[in-house]
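Some structures are shown below for you to check.
Each of the next two complexes has subunit A plus one more chain, namely subunit B in the first and subunit C in the second.
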Partner chain A sequence: MDYFVNVTLTGLTQGMIYSAFALALVLIWRSTRIVNFAQGSMAAATTFIALALIQAGQSYWVALIVALLSGFLLGAIVERVIIRPVEGGPELNAVIVTLGLFVAIQAAIAIIFGSSFQSFPTPFGVRGFEVGDTTIPLTPTSLYIIGSVLLTMALLVALFRFTRIGLAMRASAFSQEVARLLGVKVGSMLTLGWGLAAVVGSLAGLLIAGGTFVWPAYMDALIVFGFVAAIIGGLDSPVGAIVGGLILGLALSYVSGYAPRGSALVNISALVILIVVLLVRPGGLFSSTTARRA
Partner chain B sequence: MPETHGSTAVSATGGTAAGGTATTTRLLEVENLTSTYGPVRALDGVSLSAEAGRITAVLGANGAGKTTLLRTVSGLVRPVSGRVVLDGEDITKAPVEAMVGKGMAHVPEGRGVISELTVEENLRVGALFRGKVGNEEYDRVYDLFPRIAERKNNAAHTLSGGERQMLVIGRALLAKPRVLLLDEPSLGLAPRIVAQIFGLLRKLVDSENLSVLLVEQNARSALSVADVGVVLNLGRVVVTDSARTLMADEDLRHAYLGF
Partner chain C sequence: MSDLQSPASTGTAGKASDDAPVKATAGGDAPSAPATTGRSFLPQSTLLRHLLVLVVCAVLAVAILELTSPFQNSQLATLTYYAIAAGGLTVLTGMNGQISLGHGALMAAGAYTTALLLDAEEPLPLPVILLAAIVVATAIGALVGVAAARLHGPYLAGATLALAVGLPGLAIYFHDIFGGEQGMRVRAPQAPEWFDGFISAVSGNNASSTKWLAYVGAICLLITYFFLANLVRSRIGRTWRAVRDQEVAAELAGINLGAWRVLAFVVSAAAAGLAGGVLAIVVRLAAPSGFTIVLSLALLTAIVIGGLGSLTGALLGSALLVFLPPFVTNLGGDFGLSQTEAAQLAPFVYGVVLIVVMIFVPAGFVGTIRLRWMTRKAKRAMAQAGADGASSRG
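Our next item is the complex of A and B:
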């Protein structure tokens, strides 16, 4: 029983990180119809900025804030300078550009920060809480991960639901031409959207790095899981991204925890889950194709 | 004041506005506008004007350039040559986003409802650029269109065609425009709904001194509500005259208007 709870909590915690990364992809897909393959490299870059600050003696929290802010700037600059020229063009152009960016940023990280493995700290312990004289399989770090992702999602929901700028961003994402005719500065909204998405992606990168090692390509596994989670959810639905991330996190944790030689099966399981979901519901679990009809 | 206009513009005498205010101003002037879609000249030297308190109907067959005209006027399509002047200001090169702030609202073809947003959110997007807008302005739109008031918290994709048209007109009104560009509002609507919407439009034009540039394939309905009609064919103005005169011209109706 203890083992099952432990595996489930691990799955939920990992799933939260997948959800965050998938959400970053979905935010960009919804507004610009571009799959941002560079999301992982961009997140890795901000993690290395955080690491440099921590190594220079700053606290984890200062480093976290600076990393998220630099994530926003990086996302906004990438949209304005690199993505803007290919927006609205053939889809393949944008794909090639973000793939190129993925490689270029990873190379830049290696040049600036080196390509060796470095340990990244976590602000909280990884030992379970003690209740009486037993240790429960819930660690402060997993609480921090779950809490920070939930807080970020709540802030995003509040932004999109209750603020004028959030409404302008949604209008721009759903119907650029109509939004422009109504006086919404669509270009600025897209820049803002990429910036916010990069913040969420950076958060995922910082969380997955906590208590382990980072190197320029450390995000590669998370990119794959994030994509799978986003596609399970339908790529178009923020709720779908979150649910997709949690489903994937739990499923992979059970595979890794229960199947014989389970940890070796994790990657292939992600693909099996993806294929099964797409066979049953080709648009993903939360696809809004019917709503998009008119 | 802009320079003297070409000979095609004829001051309107028909319609209900004729007996009212004599001080009609040319709010919107389109001068010699030419737009291309690739090798095709969709607009070929089109000149027309729209006056305050008047409905100007732009008529013609499919492919006559009606939609391109509206899209060029509102900046979605950049013209090759010619000018668009709004109340004396040359807006030919102004960005699309700025048009609504200058007093021009464009309701595009296919209604332009943002279907993922709720009815109320659609209206709020229409008022975004004005900053804070009081509830009474939304209530006014809901009073004009009680049918969308009942559905204000529904997603816009659940609306019927007529309700969508009401929503986009209401949304355009929230921008407090002086010139309203309407692209095929009757498309796909039952005649009864068309009559209702056109009747409401007439009332708004008369009470708010609004200028409407109405693009329509449904020439009979459009002329019945309009003051002035402009007939386009293959990107050129064939004739500009009062709606009443155009209605009476049987040859013209047969040749270009299909009724």
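Our next item is the complex of A and C:
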């Protein structure tokens, strides 16, 4: 029983991180119809910036804020300089550009920060709380992870629901032409959207790095899982991204916790889950479009 | 074999060229009338023409392999397996418009099959083993293709990405058979005796085993490209392009979109399987670390830089993949980067090249040249027609 709770909690925590990452992908997909394969590398870049600050003696929180801000800048710059020319063009071109960015940023990190494994600190302990004389498998770190992801999601919902800028962003995602006619600066909204998505992605990167090791390619697994989560949820739906992330996190945690030598099966089970979901619903669980786009 | 995407009219261009001038002056529709093609000396049958090109390329391949050093031979062997896989991916992505980020996994299937079969006490003949590699990869490709045919765009990219990450994981799980993380050492097949005689007759060079492997790769490459080039120029290739360009129109014309997409995936997987087999005997190792996402992305890079949809482009792109990294690494060393930093410079340059090509020359190398050439041809035809019209009136 203890073991089951433990595995479930691990799955939920991991699932939260996948959710955040999937959410970042969904944000970008909704506004520009592009899947940002470079999300992982961009997040890794900001994590390494944070690590450099921490190693220089700054506190975790200063590093976190600087990393998120630099994530925002990076996302905005990438959209303006690299993505803008291929926006609205053939789907394949945009995919290839973000893949190129993925490889280039990862290599740049390795050149600047070195490709060795480095440990990344966490602000809270990784020992479980003690209730009476039993240790329950809920650690301050996993609470911090779940809490910060929930907070970010609440902030995003508030932004999109209750502010003028959020409305303008939704309008330009819904229909660029109409939004432009109504005086929305669609270009700036897209840039803002990429920046925000990069912040969420960076947060996911920083959270998954906490308490473990980082190296330039440490986000590779997360981008695959985050992407799978986003697709399970249906790419178009933020709620879908969160649900997809949690489903995937739990499922992978059970596989690696219960199957014999399950940790080697994690990757392939993500593939199986994805294929099964897509065979049943080719547009993902929360897809709302019934007519296919041309 | 070289120009796969020239307009469908080129097949009839030879016939039309005789009466073209008459038509052009009479009808005044010069731009649409084919200009005199420079290909009149080639046979009109596609199969014969490709056979001719095949023979020329075979002679060229022998010449190149005999004129280069053993080290360059091994580089060329590397080039062959990249090019075979890139050729397969060209069919899938360039001809049929399905993106695949999972071809590295299909290559892994071919490589592990080859490694297992070569491990036997009395290994089967090499062609049989490579054929088995093709069959295994084709079977997996058919499975994936059935799932992939329903997906498009990012969904397909995601599914194949998961394949690229997931499939090599099986090799770790079944470590008793596949050797886990360390992978399987591959016993390099011995060169047959006639090969010695052949090499000493051609150039008098020493017939090393590296040379034999380079020849195996080159033979596989030539056969694959000959096969693919014919396929692309046939009814099948035309149907694939129809599915790619106009889904709805193709469906109205009675084309079963799903079946043709699966077929494209299967053909492409077969090429990837052969590429994996060649990789296994050239590298002499089949290990999960050899089939990372980076391999799949490298293949995509090759076909994009060369020019999507062109086999020549796939070959040129693969050449870039093989010859660029040592060059860039040396350059990095000259600029005072340490060895590990310089090793990372190559992927950095890949990525940047990929972005720059997509933004500024999305048609790729071959595509851009072909576009220039066709524009010039059309302009010349127009000028010609103008002059003809003036002279007939005056």
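Going forward, the second predicted complex is superposed on the first by the 289 of 294 C-alpha atoms of A that agree within 3 Å, B and C clash if a C-alpha of one lies under 4 Å from a C-alpha of the other, contacts with A are read in each partner's own complex, and residues count from 1 in each chain.
To be clear about the criterion, contacts are C-beta pairs under 8 Å (C-beta built on N, C-alpha and C of every residue); 3 or more make two chains touch, one makes a residue touch a chain.
All values reported here derive from a predicted model rather than from experimental measurement.
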item: Broader residue contact with subunit A after superposition on the shared chain, subunit B or subunit C; value: C
item: First, second, both or neither for A:164, with subunit B first and subunit C second; value: first
item: Contacts of A:264 with subunit B and subunit C, given as first, second, both or neither; value: second
item: Contacts of A:180 with subunit B and subunit C, given as first, second, both or neither; value: first
item: First, second, both or neither for A:8, with subunit B first and subunit C second; value: neither
item: Set of subunit A residues, in rising order, touched by both subunit B and subunit C; value: 294
item: Touch list for subunit B against partner subunit A, complex; value: 74, 76, 96-101, 105-106, 108, 112-117, 121, 124-126, 128-129, 155, 157, 171, 175
item: Residues on subunit A engaged by subunit B in the complex (per definition of touch); value: 164, 167-168, 170-171, 174-175, 177-186, 288, 291-294
item: In the complex, subunit C residues that touch subunit A; value: 93, 97, 99, 101, 147, 150-151, 153-155, 157-159, 161-163, 165-167, 169-170, 172-173, 248, 293-294, 297, 300-301, 304, 308, 337, 340-341, 344-348, 350-355, 358-359, 362
item: Residues of subunit A touching subunit C in the complex; value: 29, 35, 37, 82, 85-86, 89-93, 95-97, 99-108, 110-111, 114-115, 220-221, 224, 227-228, 230-231, 235, 261, 264-272, 274-275, 278-279, 282-284, 294
